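Note that subunit A is present in both complexes that follow, paired respectively with subunit B and with subunit C.
After this line comes the complex of A and B, so read on.
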């Protein structure tokens, strides 16, 4: 996956296939390498099973295990590590989405270990380009912000307004 | 050529009761297949916890870089999942066919103990036939 192709921010996010006119996404999570939740925004979430701390930990744990599972189940790679060995970003096969009957979870991990998770309606198409767009927003407004300490939750105001308008764009 | 790579059946407690490999590069050994099955069972359950709305029945499709994983859960909690090449169509239909074969040749077998590994010859034969038919149909299109 090309991360460093273009340095300019594209003017509008790519339109994913299969979207309707109404808001498609439920939540967004951004985690760093160590499992710290840098950003969590929810737009439509009728059901809260756990409190936020446990929810974030569960989400991170699920992704960690699913990545490990995907690396192990990869039918094309002959030499695989043992199950449960932490995978470096980009090492081995990784999943990019999973779908249940009520939601679809789209996942992208950057080479620096930042994980972007977007939970949407099940009918949504491939959102990898959208996640890359969000990553570019992150790079532009968070990583390049001299006042931001890596590893802490994102509190940048202009970044938050961007995220608020974002779901209405698709 | 889109084709299935392997098929797993796990019982309601998460134990692997059937594993068949159809041509991935390296066949997983028994211990690893058991671990992978249990891991999948747990992930399936956790995904229901994280649903933003009620009524979630677990992961149906997992898309990775080099494979897709389709999962079907019966009403009794038995899970059938298949690892296939990305973009393979009609895997849900195939899983339903496997479920039907399971009910016919495994559950109706009076010597089969529930939740135990499947050792039914008729099931194996019919399963191979069904997979072959699916493969031929896929190549024919």
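After this line comes the complex of A and C, so read on.
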């Protein structure tokens, strides 16, 4: 499904698992390597407990610690730093997702430190291809946008409409 | 599940939307001309080209990572190979090779076979100190900084100055690990 003009984006959006009609995704976060939340959108979020600043910090801290933990517990890698020692982004193994009984959190980090988090229904399958697709969108609309300053939250109006149509992909 | 190997530079280059090479060369030439007129000092122009390249590099890295599906390089050797074989091929369509590794693997030279930026260009006597392609050194420096490597990139040989090839020296200064950005008391 094409929802933007211009050339076909490759790869094309992956076919979703599960039914295609309901909205599977609850929230999306995009962070950069300094912890700045570049983008946050929510579609289904019945309970708000914290204000946005605290929520973003909590999310970023959670991911940082989980990555550290996953790298430390890696049985295949010979050389491991101590837990808490800062690692190069992308080094060591990185976790992809965790699932609870009410939601699933999917995660992808690029070597440049951009982190994509998608919180969805627990029934969704492996969303790594979808996250890669979102990364391609990020590159096309954000990194290549001359009016965007890297490291600041994404505010462009046209980006908002794109993200509104995005959940229908799932 | 094994990670997919990064796509080759040639494959990505042919799948991209491309712009006319002459348009690109002439646009770049016009930019340098304008900088020379505005700034007059050759050193200032070199610095400005490097800064422009840096700004391009910090965005280009995401496009490179997304299109080539590359994962984290294990060491600096692999990084330079990626830049030379995939990066240059993907964005400029030129082949480059990596030579002259020093003893501890932190410094290498990238030799470009040809350089589309300098078609039709001759440096006049008044601009002899100008590094015409300095934007490329800025691009590499900016891109590597976004993947946690602080580098210094300089031109060793430049055909416009009378040498026989384009040689860039890339020196890794240090790797910057990821740190938790928030203070603990917040």
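Points to keep in mind about this one:
Methods note: the second predicted complex is superposed on the first by the 157 of 170 C-alpha atoms of A that agree within 3 Å, B and C clash if a C-alpha of one lies under 4 Å from a C-alpha of the other, contacts with A are read in each partner's own complex, and residues count from 1 in each chain.
One rule holds for everything that comes next: a contact is a pair of C-beta atoms (placed from the backbone, for glycine too) under 8 Å apart; a residue touches a chain by one contact, two chains touch by 3 or more.
Because the structure is a prediction, the values reported are computed rather than measured.
The superposition on subunit A brings subunit B alongside subunit C with room for both.
Counted by residues of subunit A touched, the larger count belongs to B, out of subunit B and subunit C.
Of the two partner chains, subunit B is the only one that A:74 touches; subunit C does not reach it. Contacts of A:46 after superposition on the shared chain: subunit B is touched, whereas subunit C is not. Once the two complexes are laid over each other on the shared chain, residue contacts for A:35 go to subunit C alone; subunit B is not touched. Once the two complexes are overlaid on the shared chain, A:114 sits against subunit C while remaining clear of subunit B. The angle formed at subunit A by the C-alpha centres of subunit B and subunit C is 120 degrees to the nearest 10.
In the superposed model, A:136 lies in contact with subunit C only, and not with subunit B.
By the touch criterion defined above, A:62 reaches subunit B but does not reach subunit C.
By the document's definition of touching, of the two partners only subunit C reaches A:144; subunit B does not.
In this overlay, which is a superposition and not a single complex, subunit B and subunit C have their closest Cα atoms 8 Å apart.
Counting contacts by the rule stated earlier, residues 61 of subunit A appear in both its interface with subunit B and its interface with subunit C.
Contact residues of subunit A toward subunit C in the complex are 7, 10, 33-35, 57, 60-61, 64, 85-91, 110-114, 132, 135-136, 138-139, 143-144, 150.
Contacts from subunit A toward subunit B in the complex involve residues 26-27, 42, 44-47, 49-50, 55, 58-59, 61-62, 65-66, 68-70, 72-80, 83, 93-103, 105, 119.
Touching subunit A in their complex are the following residues of subunit C: 15, 17, 58-63, 65-67, 69-73, 146-148, 175-182, 186. Across the complex, subunit B meets subunit A through its residues 5-6, 24-26, 28, 32, 35-36, 39-40, 42-43, 46-67, 69, 83, 85.
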